[in-house]
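Below are two complexes that have chain A in common, paired first with chain B and then with chain C.
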Partner chain A sequence: MSAITGVVAINTFREAVRDRVLYNLVFFALLLIGAAILVGQISIGIDRLVIVNLGLSAISVFGLVMAVFIGVGLVCKEIEKRTLYSLLSKPIRRWEFVIGKYAGLLLTLLLNTVFMSFGLAVALFYVGRPFVRSDVSILVAIYLILLEFALVTALALFFSCFSSPMLSILFTLSIYITGTFAADIREFGDFSRNPALKAITRALYYVIPNFHNFNAIASAGHGQSIPFSLVWQDTLYAVLYVVLVLFASSITFSVRDLK
Partner chain B sequence: MTSSARTRIRRQLLCLPLFFIAIGVMQAHIDANAASVNVVGEDLLLRSGLLIQKLSLGYNSLLADIYWTRAVQYYGSRVGAPGAKFDLLWPLLDVTTTLDPSLIPAYRFGAIFLSEPGNVGAGRTDLAIQLVKRGIGANPDEWRLGTELGFLYYWRMKDYPNAAAAYLATSKNPKAPPWVKLMAARIEDKGGSIENSRIIWRELYESTKDPVIKNDAARQLQILTAQDDEMHLDELVDEYRQRFGHWPMSLEQIRAAGLLPGIPVDPVGVPYVLGPDGKSRLNPASPLANNPGSNPAH
Partner chain C sequence: MSNPAIEILGLTKDYPSGFWRRKMRRSLDSLTLQVEEGEVLGFLGPNGAGKTTTMKLLMGLIFPTAGNARIRGRSIEDISTHKLIGYLPEQPYFYDYLTARELLNYYARFFGYDADAREKRVSHFLEMVGLSTSADVQLRKFSKGMLQRVGIAQAILHDPPVVFLDEPMSGLDPVGRREVRDIILQLKQDGHTVFFSTHILSDAEMLCDRVAVLVGGKLQGVGAPSEIVSVQIHSMEIFFEGREGHSLPRAVIEQATHLGGRYRVEVAESELYPALEQLRSCDARILSISPVRPTLEDYFLHLVERQKVQNHAVEVEVR
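Coming up: the complex of A and B.
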């Protein structure tokens, strides 16, 4: 990554902080405090489990909303404000701008997730449970959620490079939802006796990003270990997909007529 | 901003609480009206756990927690009410355990909610057994679910061969404590007995953290103690008859004959009485006398 990319990334991060994006942490904290106090009184036997499930789900949902809604505006906003033209008049290549924007938002999401994870740890401590070895699975689940953010951010940025913010949101959310149903799409084809349909659904299964890969919330909640082999395979899968989407984004943005 | 404008805004802000009060009053009126109109019975809109799992977009474990809490609230809002019905309990537990097959509390406590008779549960031991068997299938390492199954067969169904089989199968789990194998052997040997019942309820009492279930287990242990006492008193009644040639009319007669140092009381402090058949029993005034469950050993 060049120095210019780093500068763009830092400025994107600063812009997100200036836009009070990190205020969502307050909602997250209130949510966990409320759950920690209430759940023990209205349910049986799930005090810790609900904190883990709620905490990880909130980290995932808040982060995804940020990734989609900020991601789609990364390029469009610069065009609308016409700040892009003064930027591109400097010795900065378009792909550097795209990668810098991506890295900046990812940095914001990383910081947000770190704060939320800390809040989750405090809430777990509050419900009176000492930390044990199996809690490593919670950290692994958070890492997988970060991989999910990386992929969603890349997709949002990709659509942002050639489409309006509204359409970019629609496209990104559609791919995200389809990606969570990837396994069902393949199963649907497997049930069919039509070999063409079976081939199409199988191809779709491998082409669309499989977001189910990054979901380890249930395992973390029950303290089940997540195999290391799965973690590195998921990491490699996310890296390959992100590189592919960023590559496509750079090409799309490079050939876009900005006049 | 001029001072008059500031004053105007301040006055307007003071009106805001009044608006909220008015809204609150209106909502209370609407609730009162809606209660009289709302005659349609409650229902569970989505009963398919698999469908809800698909719609959850991967957040199924959190949804399972929500459904489990809903099941607890559903049970808690009805338990003890005259003529209480628990029609939605099974669908709620079904959805919960489909969304998260590893949610052990839903199997353990859900089985109790389902199997309790009278107005303290659904009285559906068949569904409770189905639920626990599903739990064992999904969580073969959880030995406690095996003991729950044994308990249901032993206490609710009085099916001793299946109870012994459940305890025996559980005893093969390396994490299961030694008493589980002992229970399997005892039930196989003697079927229902007070001592077996005491071991099961003692285990439930010590293992649960839920105050409702703990109280119930404590009460059942008191009832078992009372049954022990009654057996001992019946022996004294027999001895009295052999000595005087007739049945005693009351425990006071046995005491007067010197067979008892005083009138014995049950674990909650109410004196025992003799029934018309000459057998000792709990005083109808005793809180232990009204027992919805029944001890298979008695």
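Coming up: the complex of A and C.
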């Protein structure tokens, strides 16, 4: 990452902070405090399961909403508001701008997730459950959620490079939902006797990012260990996919007329 | 021989239009223009003439359909060229969550200045555009005129030899316009080349070494304001009044404009003496005779009219 990219990334992060994006942490904290108090009163023995499931799901949902709704505005908002005109007259390449915006939002999501994870730890502590070795799976699940954010942000940014915010939201959410059920779609095709449908579902399975593989919330909730092979395969998959999408975003944006 | 500051060679821009985007609308048609070092060039034209398109092409915000341009001998496609230029976009808008100081500091980072140098530069240019007291106010609280000043500060922050200003006076009150004019004159004095677009012709006449007039995407003329307007036919303006107790003949009054007890009549240069003779014969008191020099505005309007009449095709259909 060049110094220029870093400058853009820091400013993107600053924008998120100044636009009070991190206020979502307050809602997250309230949700977990409420859940912890409630769970402490009504559940016996499954307090950890409930808190972990609720906490990780909230981390995932809050982060995804941020990745999609801020991600789609990363580029097109700058074009609409014409803030890009003076910026691109400076010695900055368009790809540096794209990567900088991406890195800035990812930094925001990372920080947001770190705070939320800390909140989850406090909630677990509150329900009186000592930390055990198997809790590592919670950290691994959070790591996989972060990989998911990286992918979703890259997709939102890609659409933002050539489409309007509304369409970008539609495209990104469509891909996310399709990607979450990618395995089911493939199975559906395999069951079908129609070779064309089979080919289409297989193509979809391989082209659309398989988000289901990044969901380890259930395993973490039950204290089951998450296989290391899944972790490194997911990491490699996410990194390759993000690099490809960012490359496509940079190319798309580099040839676009900013009318 | 040194390179010109700005060299535009056959720059052309077509935009797709229509529902299927198969038609092409020509915004700029083979613009060729050269601006020398230290020159202030006014880029004139009515709305939609192609001024902003030209600026955007030079900044690399849009890409030419044909032609190219060089700044101090370097292609506009070369990113290092951007170190040589400053740009104020039309109706500038900046990150409104930043203060003026933060914004300039952010932009200064792209030029590799260290923290100390950045701080000094930012303070200097904020003072130059008269924003020292509002430096730490978020830009969302700035008026249009203040944003324009921030825009000028960010354009000259790195001391670029070539400065592009797109409608720098638009939306400013008379005081703001005067301040921007002073800044442009200061830039000229400091040896900068200034290329600025405007449709406020008096500003162009006052500031520019040369003006280029663009109408319908085509360059209609380039030259010093005095050269450009001298091609027009001169006429003469006579102010007169009736002597006390004497009324002027109806035929004379009907030809003139009544202005607070005085009359004004404009005649062709060749008709001056017969007109004076007529006024003298009816005992009118001649108050003044002065040549009417056509203004840049007259020339400009003449070109716009001519373009309308010629009705040049600006749309090229792509089959």
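The rule is short, and it goes like this: the second predicted complex is superposed on the first by the 254 of 259 C-alpha atoms of A that agree within 3 Å, B and C clash if a C-alpha of one lies under 4 Å from a C-alpha of the other, contacts with A are read in each partner's own complex, and residues count from 1 in each chain.
Following the convention adopted for this analysis, a contact is a pair of C-beta atoms (placed from the backbone, for glycine too) under 8 Å apart; a residue touches a chain by one contact, two chains touch by 3 or more.
Only a predicted model underlies this, so the values are computations on that prediction, with no experimental measurement involved.
Chemist: Tell me the contact category for A:217 with respect to chain B and chain C: first, second, both or neither.
Modeler: It touches chain B, and chain C stays clear.
Chemist: After superposition on the shared chain, which partner residues are touched by A:42: those of chain B (first), chain C (second), both, or neither?
Modeler: first
Chemist: Figure out whether A:230 sits in contact with chain B (first) or chain C (second), or with both, or with neither.
Modeler: After superposition on chain A, A:230 lies in contact with neither partner.
Chemist: If you stack the two complexes on chain A, which partner ends up touching A:255: first (chain B), second (chain C), both, or neither?
Modeler: After superposing on A, A:255 lies in contact with chain C but is clear of chain B.
Chemist: In the overlay, answer first, second, both or neither for which of chain B and chain C A:177 touches.
Modeler: In the superposition, A:177 contacts chain B only.
Chemist: Touching A:91 in the superposition: chain B (first), chain C (second), both, neither?
Modeler: second
Chemist: Taking the superposition as given, does A:4 touch the first partner, chain B, the second, chain C, both, or neither?
Modeler: So A:4 only meets chain C here.
Chemist: Touch test for A:54: chain B only (first), chain C only (second), both, or neither?
Modeler: In the superposed model, A:54 contacts chain B only, not chain C.
Chemist: Quick check on the output: what are the common chain A residues between the chain B footprint and the chain C footprint?
Modeler: none
Chemist: Touching residues of chain A toward chain C in the complex: what are they?
Modeler: Answer in residue numbers: 3-4, 7, 11, 14-15, 18-19, 81-93, 255, 257-259.
Chemist: Which bits of chain C are touching chain A when the two form their complex?
Modeler: Touch list, chain C to chain A: 15, 56, 59-63, 79-80, 82-83, 85-89, 91-95, 97-98, 106-107, 109-112, 151, 154-155, 164.
Chemist: Going by the contact rule set out above, which residues of chain A touch chain B in the complex?
Modeler: It is residues 39, 42-46, 49-50, 53-54, 57, 60-61, 177, 180-181, 184, 211-212, 215, 217-218, 221-222, 224 of chain A that touch chain B.
Chemist: Residue numbers of chain B touching chain A in their complex, please.
Modeler: The contact residues of chain B facing chain A are 54, 57-62, 64-65, 68-69, 72-73, 100, 102-105, 108-109, 209-210.
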